[in-house]
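Can you keep this structure in mind? I'll have questions shortly.
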């Protein structure tokens, strides 16, 4: 058990159910002396918030974060940092009916199978709100990465059949539309498409892409903690993600070796450069200093208003319509979670890499 | 550091370079009383062996495994099991030339960046031979799974553009052709295709699929040790794998919710059944008792005879031709490694699940 | 870093400083279906409370615990349990002076050395209040142990030169005097002794003894997670503890083998019995089914009113008198912490032992 | 399970039984670029060897170590280092009789209770030979510590009633007598005493002391990985150790605070100095830069020739005489194991401390 702890040197321990008193995280292993305050974390947490589209849910989520430990006079102390967001506006009566059956595509059935029963209000621990802890911790991770010149940027690459056009993209656009897309045209098309999905009482999936720049070469711990392997686990642990790939990902299955190999060459001005980046910045599980490109596939929201068949707890076959308004898409909200998980993972492996070489350890401790 | 240990209750610790004295693994946490001997492990290890195709490499790899501890009078004792395969026939002179430059698509560059230097013979720790330890441990994991009624079966789903036809498949075929394909027709096409690739002095990638049957519902530890997340990490840690997906994987990005949700229904004879399995057997990170379907994308062999550009250690731009005969494809050899990693991971999580419910723990310890 | 997480299957993650908003713990890995509520935890936490002696500190500590997650309708859900105690009545002005120097016997100097600075209010993370999280988690651990028929009982064995008389002891007395002693006479003597120490502006140390009964044989994971080794670490991690021993402990250094060996014999009524228990219930790092006896040495309270020499942050030699009233002894408050750490550790190893034998694992999963 | 792995960044994974093919260890996390070879490790391993006293056992143990991976051209590569010592001269027939009963003071009974059966040859995994892996790994750890200016020195402080006289001690003496004592007079007395014990067909215990010098301040990870706590666990995991203390240890139970507190003062030439060292060099679980003093109590050898009572596997009460010649004392052989465990632990925590401060991490990664 104890599956809610993540990380070896930089660890996060998340807790909380959608309808309990609150949701939070304890970050253990953050170095002392990092500038930190609630505003920094709040700003990042706000990227989770819905409410900016015509169809989005009326559940207003304030989600104000409090720092309960580990920060003193504006700086981290090196001791565990406890963050909490108190749940408000979660009306249990919204969900009382679902206690008796298993919603298709949700974790109701599997939680019952594992634990014998479940907190049926909302999705309990399986709720999307569980990501609050991850994102709050992600804000701290991003601050550390910033100190080290590393940037992580995730965005929506596709919503259903609508993909971004790379010639039309800018990082600045990501926060300017409710779909976290770097391409404003695609965002417009996506909106129209999603309104249609809502009318059909349905939902759709999508793709999230994550770029990591400025990561030095050498990060990753072969063989079981290769950087791509641990990033894959971090991303796949986010609810609704059904696939993770790096670089050209699944396309390499049909490439030839001559197409796929990235050549190195030396340029007088730029230093060591790669002719291409099919590998996505990681070779042998270790970063090579170039841009890392990850991609995650997100399934459609399981909660749809359409009539669905399922069983209830007495094993009777029934039909249900899930009440309430639900987002027809998870992707835009998951973007910041992908970014947070990548950031948290990178910090842990930047830390672990510090002991790779005896000469560097000796230099660190020279008296 | 210490990235060569995998698992929490059932742990494996691998070691060894392609041109060192040997390669091995220590399996810690195997319960006592499991029937075990070298033949069981050797049989599984033999599935790694090349040498059955017209083009395969002349490097004869005997790879005989020895059990050095943890087994007594034919049964595991509950103490660590140390397995070793001594390296033979690894001629260092084959590789002396590559010490001076970085082969494209290999880990030469990144290992140098991380450690300051590397064992340049073959690929050292980054060699495919590193998987010997994983597969040997996988044999033990599969024995445990067999006792628990769980089966893991991996096979080649595609080689380059050649895919298997599910109407033409049988598990029995997997070991009957050198491509680990369950479809003999596809295997024939693949052979022709690969001979062509060899003539072009090139290589190709492919897809591996892995089915898990008989796993009870309830396995997986939310949120960071969800079963799909840990399986993804296990598979992605295998060299040459660039993507992992579960169920319908990346396709779900374009599904609608009504298409993607699997409905449950109750059948008098079969019990609880799913109408479909887009989820691939895992919901909310926990197994639901149905078949688990995983897929991994394998990149083409980086070592090709074709001329390639790269740099040497003095940052000079050069051209190279990698000598020696190399397999034009990694996929068939990686199949058993995928299966082994899945098996090892499943054992660890079957173990961890035993403490999910207080009533089951109490029953275990009732006096 | 990340030294605030303890346990493998049953994990606790503590956080909080003496003068921050609160102190807490996240318990991860508690099985589902255990009856749990705030009263159970509060009752255990109250054993930390001072205020029952003539000399005890006037700092009134209410310390009310709240459960923020992981419990639903009176039972644990199997998800992380977050517990919090909000700090009240901690006046920062009490401590502002000590920011500039290092109190002898406290962690001021070492925290500064490690982190570059420290939260100087009280003892920050090094404060005795940090144990709130451990004791709260200990309440949950004790509930689990109760379900399994295991009891943990710690008490004060000695305060300075005053030892309990085993002929005069009863478990019922432990909560009936402010020194957690099972011998009421010794408690009276201790009180007189401590009043004297207060008048001398000094403090004294003592011994805590901990008995574990009902633990089945077979618990402990050789070789590095032997039960005595992990209990030693758990106890030694409590502030002020400078030694841990098991069974006859340090006395065995002068025993002969014939004196020290405990013989087994078989009794018709009692079954397998030991003739003595010099080993303290653990052999080869594994419990043998008899009573486990641990002992911890506690140093005197460092904070005394007496004048002491030290240095300030400018490396000037100064003299100080620590203001405020401080307990002349730590021992009675540490008793419940010792008990909690032992309980938490035992739960983790009772869990880990469940996979020791293949036949038991197979029985658990028989379909 | 999996209790044979120790360490977080610098990990060791030991394996092997006294009568299996061999005993070994895999060291994972050793930085690259450390000068290493078999001679360095062999020299340290030789300190385990008996055979230098009138009474010592005739079992000749050659114990030659081989490096199987992780070292290339005289330097560690940063990949796992596998070390093996092949067992020779272990005659199973010596032990066939004990299969049927439980030797008092040994782990026979507890291993049977845990695993259902045991490797009865010698003590299997519970054998003192298991320490070969620890000591071999300890040699590597000591090499790392040497690079960092840290020294670990363990020795016998007492054998039964015979203690060393600190006025008569010199480190150079430790390897000059078969009792690992720094006081040659005490060594002579000990020899006479032990010959007497042999004649009585008995054995005796003792004390081991370990000094750590040159460790910088700041090492240790509060709260659960305090340096004293993790050292206690490391030492207590060694067979036959029944107590661990630091600084003045159990004596502090009777000290007053004014006696126990170590004062800091500033000296022009020496810098920050302590007036005393009752704390043993660790405060709040973190090293303070002064000498660390640990002590471990070792029980007498359980295997004595004297007649002892016990039970056999059919629960019949019997009397036994353990045949063969056994050392009447464990202490001298355990000295190097204590030193090795301390060294291995220190390396892990020197590594973990490197991420304590943001400014140091930033400095490490400055481009």
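Per-chain residue numbering starts at 1, and chain names A, B, C and D are given in the order in which the chains are listed.
Note that in this section contacts are C-beta pairs under 8 Å (C-beta built on N, C-alpha and C of every residue); 3 or more make two chains touch, one makes a residue touch a chain.
A quick note: this is a predicted structure, and the numbers were derived from the prediction, not measured.
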Intersection of contact partners for chain A and chain D: B, C
Far-end chain from chain D, centres as C-alpha averages: A
B-C compared against A-C, more contacting pairs: A-C
Computed distance of Cα centres, chain B from chain A, in Å: 26
Distance from the mean Cα position of chain C to that of chain A, given in whole angstrom: 38
Inter-chain centre distance, chain B versus chain C - centres from mean C-alpha coordinates, in Å: 45
Touching two or more other chains - residue numbers and ranges from chain C: 1-5, 8-10, 14, 29, 31-33, 78-79, 114-116, 125, 216, 222, 351-352, 355-357, 359
Footprint of chain A on chain B - complex, ascending: 1-6, 14, 102, 104-107, 109-111, 113-116, 123, 125-126, 130, 158, 160-161, 197, 200, 202-207, 216-226, 228-230, 232-234, 236-237, 239, 242-266, 272, 275, 279-280, 282-289, 297-304, 306, 308-311, 315-317, 328, 352-353, 355-357, 359
Footprint of chain D on chain A - complex, ascending: 8-10, 29, 31-34, 76, 78-79, 144, 147-149, 216, 222, 350-352, 354-362, 364-365, 367
Parts of chain D lying in touch with chain B, wherever the complex brings them together: 1-5, 7-11, 13-17, 20-24, 26, 28-33, 66-70, 72, 75, 77-82, 84, 114-119, 124-125, 351
